[in-house]
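What follows is a pair of complexes built around chain A, which joins chain B in one and chain C in the other.
Entry: the complex of A and B
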């Protein structure tokens, strides 16, 4: 296994359910799909400028997982650190209409939402793996 | 101003506390007149929320002591009317949160406590029992472009730059002109709980500006009987009138004669402050 470090930053979306899906997809990736090798960065902390998050994203490849096409995570990385190594827009995967629904509490997600979470987590893992073998 | 409450959660993904801030925020938005503010979008595009923030008041939910949401509001110079810190409340409830996201009975209970804290912060407020003197006389000195004022009569000070003024068995506490000038624009005052028993030099809440957080160190011991609720809507009163309209807390004194031995009167504090300002080269 490579010791390469790769960061993933999820949108912390409160504007739409796409944000909720992006959060859960990143957690799923970190805890189930690629346990122990994903460095998740906290976007609010990244924006606040504490905790070494910006420095990490400058030094190591970082993937942005955004809930909608506003792409806040991607834009924040590019503003405060450097170009993203990869990016996901949940709205492009599950469709604008589905992504722009009202934000939901995790316990109110439907089977359909959970399937979206898996789909986004799988796509993010693909990008992650491609960076890992470079 | 409308009654809209804007809720800004930290929303952190790193720890359970961030997730709980989100749960509390989502629960609050189930009520009428509550608008959820996405911290990331606020940072990216503040104009998206300009109207609602202008018309309403801001409540902040910080997940941990990094206080990202508070810092974000501070950096954008948005005054905070009310806030809670999930980690601090969890600690007070003896709940260990850790990193993993949890959705169980214990975190449900914590969410409930946080919701109650956000809805009852204005209860139990007693009317002020402090009798104000008609005029307060000041002495001032300047250092560079700064002018520092110190009240001359019936004010005592500790070396933490907090003052106390006495009326019968009631003490009114605030911060000095030196503190407000150092902090610059004050955005939030975090008062103690009414009824809280305080020892001399205990922490008595805090005030927060875009620069930093200042812990109020109580010059006296006693029981908190009132807080200046005007500061919830107008924290800038501390900047404008630190010794009068910007008072912070009132306590019923428990032993002022003893406390007084460790306080400075006007003459002593005036000299102390002059030395301090010269040494720190404000």
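Entry: the complex of A and C
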């Protein structure tokens, strides 16, 4: 297996369903789909960390996974670190209306939400694999 | 008075970030929906005018997952007035030895701890509403 690691960073947005889906999709990649080769980082560390964090996207090709079209993770990574190698907008995958639904606790996850998580994680994995073979 | 902004960090690597997030959602959605609201921390981090306008000069309470205090620092950097800030591990003493889950899910003990954190936040909200001077 390749020892290359790829960064996958979610916005983890707290204001809408899409944010929760972005977070869980990245967790799914870390735990199930691409265990051991996903590097992640808490997004706000780019500004709150003591410096090393800002080199993250320079060190690893990084995919941003955002909950809605505001694409905060992508923009924050590019503002504080480096250009992203790929990006996902959850709203484009599951639809704007579903993504912008009210904040979602993991206590209230339905089968439909879990299907969204899988869809987003699968799409992210496709980008991930394409970067991996480059 | 506008709603108090209660903002968790977006910690994803460990259970502490999820505990912060779930405790805040309990407050803003269930316990004090009329007095509080939350925003995406990642949006705050972008510094967009739209979110800066909502935070700047506003009363905020933060719940962080670790001593990096990402939420507190980012909200302050954006001009929010953080009247109370907490981090999840501060209240762990009574919970030593318990399994709370991971960054993906909470266990039953995890949910109990999240509820306890939410009640701490509710107390803060009440103090702020009553105009009690609080220490940061």
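Quick note on the criterion: the second predicted complex is superposed on the first by the 131 of 134 C-alpha atoms of A that agree within 3 Å, B and C clash if a C-alpha of one lies under 4 Å from a C-alpha of the other, contacts with A are read in each partner's own complex, and residues count from 1 in each chain.
Just so it is clear, a contact is a pair of C-beta atoms (placed from the backbone, for glycine too) under 8 Å apart; a residue touches a chain by one contact, two chains touch by 3 or more.
Note that the structure is predicted; figures quoted are calculated from it, not measured.
Partners chain B and chain C clash in the overlay (superposition on chain A).
When the shared chain is aligned, no partner comes close enough to touch A:57: not chain B, not chain C.
Of the two partner chains placed by superposition, A:127 touches none, neither chain B nor chain C. Looking at the shared chain after the overlay, A:85 reaches neither chain B nor chain C. Only one segment of chain B in 97-105, 151-159, 241-249 or 259-267 runs into chain C in the superposed model, and that segment is 97-105. Note: residues 10-15, 19, 23, 26-27, 31, 40-45, 47-48, 70, 72-73, 75-76, 103, 105-107 of chain A belong to the chain B contact set and to the chain C contact set alike, using the contact criterion stated above.
Of all residues in chain A, only 10-15, 19, 23, 26-27, 31, 40-45, 47-48, 50-51, 70, 72-73, 75-76, 103-107 touch chain B in the complex they form. Put simply, chain B touches chain A in their complex at residues 9-15, 18-19, 22-23, 25-27, 36-41, 43-45, 66, 68-69, 71-72, 100-101, 103.
On the side of chain C, the complex with chain A involves touching residues 7-13, 17-18, 21-22, 24-26, 28-29, 38-48, 65, 68-71, 73-74, 77, 102-106, 111. Within the complex formed with chain C, the chain A residues making contact are 10-16, 19, 23-24, 26-28, 31, 40-49, 67, 70, 72-73, 75-76, 79, 102-103, 105-107.
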